[in-house]
Structures are given as C-alpha cells and as structure tokens.
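Structure first, then comments.
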C-alpha cells in the first residue's frame, strides 16, 4: 500500500502546514509512462495525482470514496486548476498534500500541494471544485454523516 | 471526424492487404502526451489505438460499438498482444488497420497493423481477443444481427 | 487527419466567436479509454484535448509545434485551468476551439472552448499559461518569426 | 513509498512462486482514472503496471532503471502481451509480481502476474520483451555488471 513514510511523525492522520491548515499527505513516485518527450512528468498527470489525493483523503477520514459512490453520491469535478512550479522526473519521489478547502451539502472544494521529498519545496499547487450528484447525474445534497466525516481532518 | 484520407481510393469501406485479408483503415496522429522520455510514443498507447480501431471498425460496419453496449453486449478484452517494429514520434501521422480475425457468438478476435503514412511500412502489429458478456459481466452470446454486421467487412 | 468538418464554412483557417475573438477549431471524439466508471470522459483528458488543440493551432499558423521544439524553444505549461459544464460520453463528437489569449517573447497564453457538435453548446472552457525555455530548461525568449506566426490567427 | 506489505514475510527481496521461480512483488491500487465505463480497470493500464513492476524489479536489484538509462542503455519494448483473467475495480488493492524470464546482452524478457491481495488469485499475467539500445536508438549490448545485477533475483 502506498503509505506516507512521514505519517509516523504525525500524532494523527493530519498535519499542519505553514498557514496552519490541516491536511493529509502521502508519498508518490513518477511512473515512466507519466513522462513526456521533455523528460518530465506531463501536465495532465497532476490532475490524476490530485484525484488519488482525494481518494486518500476520504480513506483517512474513514469514508472511502468508493463507499460514498456506493451510497449513491458522486463528487463530480466542475473546476480544476494547477500551477506548476518545478518539474518532476521519472521515479522521483514526492509528497501529495490534500486540504479540504470548503464543504457544503452541494459543493466540495479540495486544494493540493505537491512538495519535494526531502526539503518539502513546492512542486505544484492547485484545487478542484466538485458538485454533488446522484447516480442519475442530478444534483443533490450530501447527507450529514458524509459531511462530518469529510470535515474530520479540519477539526 | 477522423477520416482516412486514403479511403477515397477504396471502392468501399474495406481494402485488401498483401495477404488478401479485408480490413478497414484510418489515419491517426501521435499526441504530445503519448510520448515518453525516450522521445517516442509509449508502448501502452498502442492498445488505445487498437481500441479506437475497433470503434472505427464497428462504426464502418454500421454497428457502432456504443450501440452494441446499448443493446446489452460487451466485448471484454481477455487477451492483448503487440509487436513493436518502428518507433512513432510526436505528431507523426500513421494508419491504423483493423481486421476481424475470428468471430463466434461467444468470442471475437481482432488483429491490427499500424503502418507509416507514405510507404505503408509496418510500425506495429497485434491482436486482441474478446469474450461477450451482458451488463452484469456474465458471459453470453452475440445475437445473429450483430455477428453478421461485424462480419460484413469480411465478405 | 483529424479535420474540422465545419472548416469548409470558414473563409480561412480561423473563425470568429460571439465575443469577436479569432480562433481555430477542429473536431474530436471521445475514446473508450478516456471514460471512467461514471460513464463520462475523465477530467484529466480535457488537458490532453487542450494540448492537441495547441498542436493544431500551431500547425494551422504554419509553425508546427514540433518545429518550434526543433528550433530549440519549449512552451512549458506553468498553469492549467478547466471549467466543466457538460459531460462528454464515449464516441461523442465535439469541437475544440483554441484562442491565442496573449503572447510576449517569454510567455504565451492560450484559452480553449469545447463545444457540442450540433448546437455548439459549451461543454468546457479553460486556459493554459506557458513560459518559454530552451532545451536545457532555462527561460529564454521566442524569436520574432515564431511570435508573428503564432499571432497570425489574431489579425 | 509503495511498499509490499508482504515483503516482511520474505527472507530477502524475492519470493518463490508455485513453479519455483524467483520474483519480486509489491502492492498497487487501482486509480479512479484507470477505470472505464465498464466500471473496471481499462486494459491498457496493465501494461503501465507491468512497467512500474520493471522499475521496482530493477530498484530491488540495486540497479534502478533510471541509472541504467543514465549509463546510456535503454530497454526498449519490442513485444508486450497480457492475458486478463479477472476484473480489477476502483481502489482495489492487488499485488504485482515480476519475474526475469530471460536475459542476454542484447535482449531481456520479463514476465508478470497480477494477483488478488488476500487469496493471491490470478488477475492477469503477461510478458514483455526488450531489446537494448543506446541513446541514439542503435542496438547495443548490456555491460556485464548490469546483467549480473538484473540476474541477482534469479539466483
């Protein structure tokens, strides 16, 4: 299992960054297929890393995203943004940090930071905005128990 | 729409290769994101090209694959093979050729050739084997009208 | 070759959208592998479509992106954004529109619209910001002939 | 870091499967973006998993693949095959097993098994064949120290 090696440093599953926000973090590595002919990770992969970040965020808050879908709720991406600061190379290890930026019954916002393994320098940052829909793609509201689970890291 | 520029040369939607097999062909181009740090198209993309080849094969046989799924039949990949002969570079144009290799109510086999645009030199060849399932992933049999549509290019 | 079917409607290689901006447009289709288990195109693919949009934009301005790299200039993505309005489904045909938003010797900005094939309804919109680097990843300036070629669609 | 949880069970970095072959194994999880509209992992991803398997194989043999490339040797895929036995679903954990099937100075063959986490049931198996080239894509021979490193798991 992908496990944050630094998780042992944290009293719990969250940490506090410079600005005092709670986040979860875990380690990833760049796959060969994620590089392009510039020799660095292609820009689209960051949005895939943001997504496995959300998956990990939900899991660590005891509400795995697959269970959210199993209960009939879908967090559909309506906005995605990434600012790229440093390149990532094949097999480079880095940390993905995930923050719950905002949550209401109808909308969830996550923000993300990718940082270098050793010095924790910023590689990229971004955010995604999600609306809540049911299995028929109609907008609906997240039930209170999912909202409080997702909020757990914030408190 | 992606259209084979050479299709105008063919009396119908199929052509005959050296070995006398019927096939459909159409043109594709290598996307930047499909290259890797070796500067060539990554090996996994060939299986994506095979797949858009199947989509095109079905469409030209008047049985679009989405209609096959809409009728409750799924062609699930159980085997995939590719032999790589020449590299493909960013923005390189090439042709995808698709052959129906074998078809029974429970199993369909396609083979593929990727060839250079000008001299039609072999870039890669391969095949996929598919079993037929229903929407609940249980094996089932393709109805006769789908089989005859898929066979149309062969006759 | 992927060709805009509607390109025949345009006097030249550009068109004018509602706001009076020049853009190029061409048609694409959703690949099966681009869908996810929600049954729609996955959010990361839009950034791949933006990229093939840039490739097409450069080609239609007679300065293919591969030639830009061959001359030693790289347009490195430093920012990417997408707003998703409507879902895209497997095999759905749509148009990609590419606008040159801003260009200086050191920075290039493109914006994009994805619209439905028939009614030209907005599926998604976004932008990317690029800095110019040389082959050693050092920032540098685009030469005047590349800038004027890229600007051609604007005038 | 992705770490095999079961690695602790092994005296060293390799294990012995039923047929008595040495292999390395590690755990992976299915990403959301790796699913398609059938609700299972798309067939092309298996070739990406095979590849991160090779990366891991080289690392555990103390010759990271990026070091092989840094020394001027490239293992270019000339053949890839996969047989799919069971579907993989979003977030499902599984093991990737990598075997060095054959190695000569000019050619390297790996085989792979994907197995379920708990019962170690076969999900998929396959192989890849690689020729050795230099940075100019000319075929060449692997030096003895790389061959012996890669062979280490076999003995």
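The letters A, B, C and D name the chains in turn, as written, and every chain counts its residues from 1.
Assume contacts are C-beta pairs under 8 Å (C-beta built on N, C-alpha and C of every residue); 3 or more make two chains touch, one makes a residue touch a chain.
Bear in mind the structure is a predicted one, so any value in this text is a computation, not a measurement.
Undergrad: Does C-D or A-C have the larger number of C-beta pairs in contact?
TA: Greater number of contacting C-beta pairs: A-C.
Undergrad: Compare the CA centroid of chain A with every other chain's and tell me the farthest one.
TA: Max centre-to-centre separation from chain A belongs to B.
Undergrad: Averaged over CA atoms, how far is the centre of chain A from the centre of chain C? Could you give it in whole Å?
TA: So the centroids are 27 Å from each other.
Undergrad: For chain C versus chain D, what separation do you get between their C-alpha means, in angstrom?
TA: Between these chains, centre-to-centre, one finds 36 Å.
Undergrad: Two or more other chains touching the same residue: where does that happen in chain C?
TA: 32-33, 38, 44, 48, 51, 90
Undergrad: For the complex, give me every residue of chain D touching chain B.
TA: 38, 43-45, 47-48, 51, 74, 76-85, 87, 128, 137
Undergrad: Chain C touches which residues of chain D in the complex?
TA: For this pair, the touching residues of chain D are 32-33, 35-40, 42, 44, 90.
Undergrad: Touching chain C in the complex: which residues of chain B?
TA: Residues 1-3, 5, 27, 29, 31-33, 48, 51-52, 55, 64-66, 90-91, 93.
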